[in-house]
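As structure tokens, the structure follows; a few thoughts come after it.
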Amino acid sequence: MSLQVELEQHRNVLIVRLKGELDHHTADIVRFKMEDAILRGRCEHVVLSLKDLQFMDSSGLGVILGRYKLVKSRGGKMVVCDAQASVKRLLELSGLFKILSLHDSERSAIASLEVVS
Amino acid sequence: MSLQVELEQHRNVLIVRLKGELDHHTADIVRFKMEDAILRGRCEHVVLSLKDLQFMDSSGLGVILGRYKLVKSRGGKMVVCDAQASVKRLLELSGLFKILSLHDSERSAIASLEVVS
Amino acid sequence: MSGHNFMKLSFAAKSENESFARVAVAAFVSQLDPTMEQLDEIKTVVSEAVTNCIIHGYDNRPDGIVSLEMEIDGDTVSLTISDQGRGIEDLDLARQPLFTSRPELERSGMGFTIMENFMDEFEAASVPGGGTKLVMKKRIESKKALFN
Amino acid sequence: MSGHNFMKLSFAAKSENESFARVAVAAFVSQLDPTMEQLDEIKTVVSEAVTNCIIHGYDNRPDGIVSLEMEIDGDTVSLTISDQGRGIEDLDLARQPLFTSRPELERSGMGFTIMENFMDEFEAASVPGGGTKLVMKKRIESKKALFN
């Protein structure tokens, strides 16, 4: 598998760490694992932690947007942290930062959500 | 350049460290640099240090054999050290260890030559 | 040293081959000694185009064949990616940001926009029922190119 | 998951492309999750065959074209590498360990021996003046293959 999804629950926040390459081939596993954790878990908010995401294309944008809508429909928020330069450029180009705020670290991402809730 | 040649003189021994990939494309640079150092330097013997050689094919065998002959014709010896598994397998398969002894480290390779001279 | 070089690659329309295509293209273009940023851009473009052939061109049928050609000419890389799949009826519409014909697959509709942004030249041609072909160019300003 | 997959690659007969061919083949075969040793063996075989096309087949003329085909079928990789260059008069002689027609280029004459050793099946066909084609197979015993 060229993509790994690591999940961690931190109070009402689900931390999703993506490692490897997120493309059309690996989008399914992200969709499935996040959907499962959001629907079964008790989390309200999601932090997408992208420090070890080496590659992402527009299939990744699609899967992130889909989960964003799900979280939002349940009254939660989703934020992104620690994106590498190339991933950041793609998120910028696509205007995703208009709906997802970017943070430097998981810590500050979680903090921003705790203020919200 | 996908191959780097590092040269170090240690008394009458020339240490040649190869880093990267040794194939037909990169063989010329090895030939040229070693030839130059052997002919101009005051070294008698050569240690081929292969710790960082990630890849080698039969073009590498050819360039090593060629330098071996030159060193031998000048009364010197050539030994190999620190070869990675795949490089070692190729040297074994080709019978090169019948003429070049293999050592664990540069230190023991040099020691073996100092006994000789 | 490079001057001129080319490669042609074709492969089954399977999603496993998306990362393969990226690696192959990156290895070929690395001759020009591109920056990390330029390399990332080219990999992304290849990923977008190949994924489109697989999803849209062939509807994920693995008997489809994706073709990729690359040419290096001095400091410029040309990239041609094509399929012989369903083709595109309205190219102008397809190229609009956020347009996708497959929202149910969570496509973002950003593929063409990304490709046009990351390459210097971009041309698309398509025949409905016949296939789609993208021809793109990018200048690589590398250390090597400066010395050639 | 893989089951069946294939790719075809062709490129200019330039020595820069030797490492490119190795990377492309390694990326493709990595679908089968080979061991490091098996991956090294396949890369070496590709390097030997492609180098032979460039040096012996085309005498380093960069207008020559080297072709490479790879097929994955279950746990077996087939590799076909060919040129349309000078061809080989006496294949039995050529395949002998240490035989080389170009000692002045410091060829070791070990290319064929290495290829036959590292692959499970090996066939060579050649037409003097017409070109040379090698067809090889190797079974990959990976963790993945065990579970499939």
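A, B, C and D are the chain letters, set down in written order, and residue numbers restart from 1 in every chain.
As a convention for this text, contacts are C-beta pairs under 8 Å (C-beta built on N, C-alpha and C of every residue); 3 or more make two chains touch, one makes a residue touch a chain.
Note that the structure is predicted; figures quoted are calculated from it, not measured.
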Give me the chains shared as neighbours by chain B and chain D. none
Contact-graph distance - origin chain A, target chain C: 1
Greatest separation from chain D - chain, by CA centre: A
Euclidean distance of C-alpha centroids - chain B vs chain C, Å: 43
From the mean C-alpha coordinate of chain A to that of chain B, what's the distance rounded to whole Å? 50
Using Cα averages as centroids, what's the distance between chain C and chain D in whole Å? 27
Do you know which chain B residues sit against two or more other chains? none
List, in ascending order, every residue of chain C touching at least 2 other chains. 16, 19
Go ahead and list every pair of chains that touch. A-C, B-D, C-D
Okay, in this complex, where on chain D does chain C touch? 1-2, 4-12, 14, 16-17, 19-20, 23-24, 27-28, 31, 62
As the complex stands, chain A meets chain C at residues 2, 21, 23-25, 27, 31, 55, 57-59, 61-63, 65-66, 85-86, 89-90, 93-94
Within their complex, chain D touches chain B through residues 15-16, 18-19, 22, 36-37, 40-41, 43-44, 47-48, 51, 54-55, 105-108, 110-111, 113-114, 117
